[in-house]
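Questions regarding the structure given below will be posed in turn.
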Amino acid sequence: MTALISGLVLPLLAALAAIALPARARLPVALLGVGLTLAASIWLAISVWTNGAITVSLGGWQPPIGIALRADGLGAALGVMTALVMAAVALAARHEMEPLVAGPRTSFGFWPLMLLLWAALNAVFVSRDLFNLYVGLELITLTAVALVAISGKAEAIAAALRYLLFALAGSLLYLAGVVLSYAAHGTLDISLLAARTAVPGDALALGLMTAGLLVKTALFPFHVWLPPAHSAAPAPASAMLSALVPKASLLILLRLWFEAMPELATPVALFTLAGLGALAVIWGGVLALLQARLKLIVAYSTVAQLGYIFLVFPLAGGDGAAQPWAAGAWTGAMFQMLGHGLAKAAMFLAAGIYIAAVGSDRLSDVRGLARALPMTGFAFALASITLLGLPPSAGFTAKYLLMTGAFASGQWAWAFVLVGGGLLAAAYLYRPLTAIFAREIAVTPRPIPWGWQAVPLVLAMLSVALGLLSSVPFDFLQIGRPDQAAEGL
Amino acid sequence: MSLTVFAMTGATLVGLGVYGLLARVHMLRRIMAFNLIGSGLFLFFGAAGARGAALDPIPQALIITGIVVALAASALAVGLVVALARSSGTACLPDEAGDT
Amino acid sequence: MSTIYSGSLAPFAVLLWPLLIGLVPIVPRWRANALRLLPFAPLPALGFAMAGAPGSVVIPDLMLGVQLGSGPDTSLLLGMTALVWTVAGFYAALFMARGSAAGVFASFWCLTLAGNLGVFLAADIITFYIAFAAVSLAAWLMVVHDRTKDALAAGRVYIALAVLGEAALLSGLMIGAAAAEDLQISTVRAAFADAPLGSLGVGLLIAGFGIKAGMVPLHLWLPLAHPAAPVAGSAVLSGAIVKAGLIGMVLLVPEETGWRSVLIVLGLLGAFGAAIWGLSQRNPKAVLAYSTVSQMGLLLVLAGAGSQGVAYAALHHGIAKAALFLCVGMMMLAASPAQRRAVLGLAGLVALSVAGLPLTGGALAKLAGKQGLSEMLALAVTLSSVTTTLVLGWFLIRLAQIPAKPQQISHWGGAFVAIVGLGVLALVLPWVLWSGIVDLPRDYVWRPPNMLEGLWPVLVGLGALAVIRRVKLPEYPPGDVLHLIGNHKLRPVFQLPVGKQGVQYRKRATLRLLLMFKIAERWLLHWPVAGSTLMGVALAVTAMVWIAS
Amino acid sequence: MTTTLPVLLLLPSLVPAAVTFFLPQDSHALRNILQLGGAVLKLGLIVWMLVAVATGATYEAEFPLAPGLVILLRIDALALLFISLSATLWLLTTIYAIAYFGTKAELSRFFGFFSLCVAATTGLALSGSLISFFIFFELLTLSTWPLVAHKQDKPSLAAARVYFTYALPGSAALLWAIIWLESATGPVLFTEPPDLSGLDPAALRAIFALFIIGVGVKAGLVPLHGWLPAAMAAPAPVSALLHAVAVVKAGAFGVVRIVYDVFGAENMTALGVGVPLAIVASVTIVWGSVRALQQDEIKKRLAFSTVSQVSYIVLGAALASPLAMIGGLVHLVHQGLMKITLFFCAGIYDERAGIKRINGLNGMGKRMPWTSACFSLGAMGMIGLPPLAGFVSKFYLGLGAIEAGAPWVLAVLLASTLLNAAYFLPLLYRLWFLPCAANTKCDERAPGLVLPAVVTATATMGVGLLAASPISPLGWATLIVTQGYGP
């Protein structure tokens, strides 16, 4: 209870403080807020682990009148992942976002926005109310857009504006869906919606909401806004944008389909969602192959990696029958969410280090940097292992569970996507890796404090450790997971 | 009766907004279109909430929240457009600057 | 594991000793003089054989379990081999050029010797195979020792056929061993009878041994290699080493197979054909080589017919043939007419013995060999004396043609004495051993019909020789069939070209494909497109879901 | 104790790896001590364990990950055969590598991955479940890639790329097969082979094929062998490691595991996949030799000979007869010894005399007698010349082939023997019998380089000479098979 609320409140307060207090005090306060929120998220996870999913009805008002918050395994896990990424981002931003480097305006904007984003994310992770989720989503969008534009460069602003355009269209669709479902059922609480009496209008509501969320999740073909935005933002921002922001809308999508309106799922719909995911895997991979800038490659790989998660729709519960363990595929997708978050953040932070070191992220400029900045190179390599889905990383666990589901449910065609995507990832990560580990240094880099270098390394290690010690997270994700995850849609 | 009118009006607004959002290139127009859709939806929402004997308080609460959110969004958007116009001299997205 | 060995180590020591001597040249300072040791390498074996090859040994942990021992036949050949190697070694020690090459020669000499002895001592197929491989592969160096163009060409043919033989032999042994589930030579031999692919196995064995034994048509290498090698080398090659193939036939080819008749046929073919063909040679060593082929053919006939006298005959031929080759060497080194006459005399004597002139060792060998042969074969053996006389007579003629050396060389006398000893042994040793081996009264030799049977072919042969001296014989280079086939150089095969430009093309094609993605991406970026797609997806999902409800 | 032991076996390579990565480039002494210490320690552990396992003891350590992902480390006779080989050769290769590189650049990176690679091999040998096998398989790929690319010049980078383009699809196929199988049978442990009765034979055949493709890439089965000759761009110690111990062997070992621990001999024959596998192996044996014949570069020739030789092991597994099995297993060791000798020598020729091509070998026998002697021994062993190592395995394979009723294999062995002779004997001839090009300056006074070669060459002779003794590889392989492993 307290943990859950403080997870929402602390970042907000910290954000306010960061705005209000003078520049001197900003950084300490922000870091303090980060630390406290991190502690809160971990505490929440622990309490979920010890005594199951936690439900809070705000002000004692029960739904439909009041708003319910519920921290289940998935929400808490995402919370912890977010907290870790945020902490890392903060540590990196300590160097990257200091006024002398980034300019006073940027560094002023960054901390409040980051904390605000965090609060919004936590809100989305635990909300059970569609409209509440909408607000959270909007808050995320706005802060994210602001973060993209924060540098004030022309290309950044254009990218931000395009992002905003897509995002607003998405949120309008989502909002329309919310309105319709409320009009039909007079409630927006997910649990209550699950128990509703279905009406034909639900189809439209679900369709609108899904479409809206797809845009925000940057699923193919709506991914186009993501690469420019993520590559235009300053590295710490892109880390958050890539690792966390899409996960929020994706989580809502999952909650919608698996918890609110599972009975609406039709094979063709599930196939379409997964199909788009598959296309995203291929499309993102190929385009990543064609990029010449590190951050663009990483951004497109995000498009591809998010694609995997959509395979959960047809595969979830697929192996419930054949296997002793249920919900393998569903949990696999969740592992992908977590693992990708950590790895992707690590990659962007590494890219940030390179930019800080040589002032560019072109592959031709980062050549041979592994020699000067070994830890960063190592971090990038480790993170790529997760993205490739090679053992023993979280990416592998995810791929393994999803593939098992695919075979067990006889839909082994999806396994092609998983395997092919892995190979594609190998292809597009090969160039940056060989460039970074090249023998001769292209540009002599500025020295980087190793405290900063260590940050992405830790994240990357975590992404591998998640796979290496996957049994506890696996059980954790089972807490309060929807039945459909086990039985399939 | 009146509710239907509200609902219809809301629907119309949404329709207009969608057209504007898709057909117009100038970002300010798109922002206005966005607001049109938003207000259309809220109108519809209110109408939906006003059905039945007892007046449902929730839609109103939500509409107000929604309006605030939309306002914030528009503010940010306009700010960005201004910045864009300053930096690139046009209020259109780079790839669309040519066509009107 | 508990016992290192069981039995007496004598046979093992006999094998080990030459190997140890072979290691001497590793020390650079000793290298030049390593040749001096060669005569001593076979001595233990000689003693062991003269003692009647007592004792056998089993060394379980060595290789796949080494078993050494020797029966009556093998001990005969063991002794003969040791003797030949001793004298040839003596010759080499005296007359071969010292120097760095000499060291290598000495090592391989010893290795070959060890292999040659091992063939007669081995009691299990692995040891036998290893010894066989050693003798046939190491002997290659003797062939190419002089490094002349012919020697190298001969070496190529030799090594190719030797390796081929090894492979065939190994496969054959495997088939036998798999059937026998044991490595004992005797059991393996027995197992061929009802082994799966047994007859194939025997065929492979015959091919493998045949190559070594100079069996037509696998004798190709022999007339090339024996002349090419230095004299001492030729002596052991022709006298002792070829017997390795023969003993293989005797030990491993079971009686009751159709292959025996094949052996006989090919043997006869060699016995007569090679002798005749030998007349087309000018180089005395080449002539001798062909005579070896023919003599081995004869022995193969005996082996094929399962005669008891095989080893006995082989013994005589080995000694005699070695003596003849050494005579060639002596002739090359001979300066004074007296020396030349002496050499010719000795050679003539030994040649007559080989031809089977009555009361010579050769005659005894033939008589013993004929025992238990059908009339036809016996007759064939008798007739073979004609061709033998012919070819060896031709050999003597060619021998006499060798130009005299301008000046005397030292040790000639000593070497000649040794070779005379060898020749004499060829004549008398069969007498000595007769009673021990042939179960016939000694006066069997004296019986007029037998005397006559030995005499008339020789006379006929001599007559024919007189005729031949008049006519001009055709001349062919050695290596008969190879010339019919064509060149005898073995080039590396399978030179495949490797294309490159195909790769280039594929690269470009993929690149074009990838660029299309980029264009499509820009198109998707276009908001109106994206926006309407978005609406479309919204409605599409709706529709999909709606179908259900 | 029993549970910690397998892990203990991994540490001697993992710890040096972990530490070496972070050592400064110029702290040579410390690094070398680490590497050698680890290698020696490991060897000690193994020797100590051999005794226990010979009496049939097995050690297990299990770490469950997410459901279905069971990491099982297990020491049985077969694992130990492979480990003892890799540990021994690792020690020698380390000595060799230290001498080879001296104080060149990027050594910390190199030795880091070097130990990691060996750790992966060890794990591969120890793994008792398909998944753990796969995990170490991947680790092996990842850790060998930097070794291949070590020189970081154009050819080696190209080689590394080729290596990846082969290895990754291979592991994809392997993963596919594993998951396909496990989705039906649940996690597969080598201890109790899965019950395949319920599965559709066609599917099983497909799975088997995928498995073979997966490991076949590493084992260099034709037509998946393309990377192997390309990888020759790597420094000599790496080639030695790749060819004798790590990658190629891992593939062959994988085939054995899959054939006998996943499918089992009778299933394989029931499915009728044994003969096709044997045919593939045979084709590889012949094709590799033929291609070797065409190579003018020493290392390339050796590489193709590896392609051919390693398939002996596959052949032994495919024939599914005890004797063939023994032959295959013993060749696992013998080929390792012979091939590493050859690569050591090739490295010495290259490093100390600048000889890369075959015609450079002319007359080297006199100039570099020790190296040339070792090279000759290795080559003759490869040909299968008795009493050297190669002969023993070939002999058993032949017996096994007949036992399995596949006499045509004899023809294959025969052909490969001849081809081996055809491409090795000319080298020996050049070494010993041709006059050497005068200007080449060379000296082999580098004990660190020559000693390992001498040791392995001696071993090549020793294992052949003492084949019958129970402590020889042959004895061990026989023990494995008689302990009821394999067919």
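Labels A, B, C and D are assigned to the chains in the order they are written; within every chain, residues are numbered from 1.
Methods note: a contact is a pair of C-beta atoms (placed from the backbone, for glycine too) under 8 Å apart; a residue touches a chain by one contact, two chains touch by 3 or more.
Note that the coordinates shown come from a computational prediction; the quantities given were computed from them, not determined experimentally.
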Innermost chain, where centres are averages of C-alpha coordinates: D
Pair of chains joined by more contacts [C-beta pairs], C-D or B-C: C-D
Whole-Å separation of chain centres (CA-atom averages), subunit B against subunit D: 68
Separation of mean Cα positions, subunit C and subunit B [Å, integer]: 101
Interchain centroid distance [CA atoms averaged], subunit C/subunit D, Å: 37
Subunit A-subunit C separation of Cα centroids, rounded to whole Å: 78
Multi-chain contact sites of subunit B, meaning residues that touch two or more partners: 21, 93
Junction residues of subunit C - those touching two or more other chains: 525, 527, 531, 535
Chain pairs in mutual contact under the definition given at the outset: A-B, A-C, A-D, B-C, C-D
Touching residues (chain side subunit A, partner subunit C) in the complex: 162, 165-166, 169-170, 173, 198, 200, 202-204, 206-208, 210-212, 214-215, 221-222, 224, 264-266, 268-269, 272, 283, 286-287, 289-290
Residues of subunit B defined as touching subunit A within the complex: 14, 21, 27, 30, 34, 37-38, 41, 44-45, 48-49, 56, 58-59, 62, 65-66, 69, 72-73, 76-77, 80-81, 83-84, 87-88, 93-94
Footprint of subunit B on subunit A - complex, ascending: 64-65, 131, 134-135, 138-139, 141-142, 145-146, 149, 152-154, 157-158, 160-162, 164-165, 168-169, 171-172, 175-176, 179, 182-183, 186
Contact footprint of subunit C on subunit D as seen in their complex: 290, 293-294, 323, 366, 384-387, 391-392, 394-395, 398-399, 401-403, 405, 407, 410, 413-414, 417-418, 421-422, 425-426, 432-433, 464-470
Touching residues (chain side subunit B, partner subunit C) in the complex: 18, 21-23, 93, 95-96
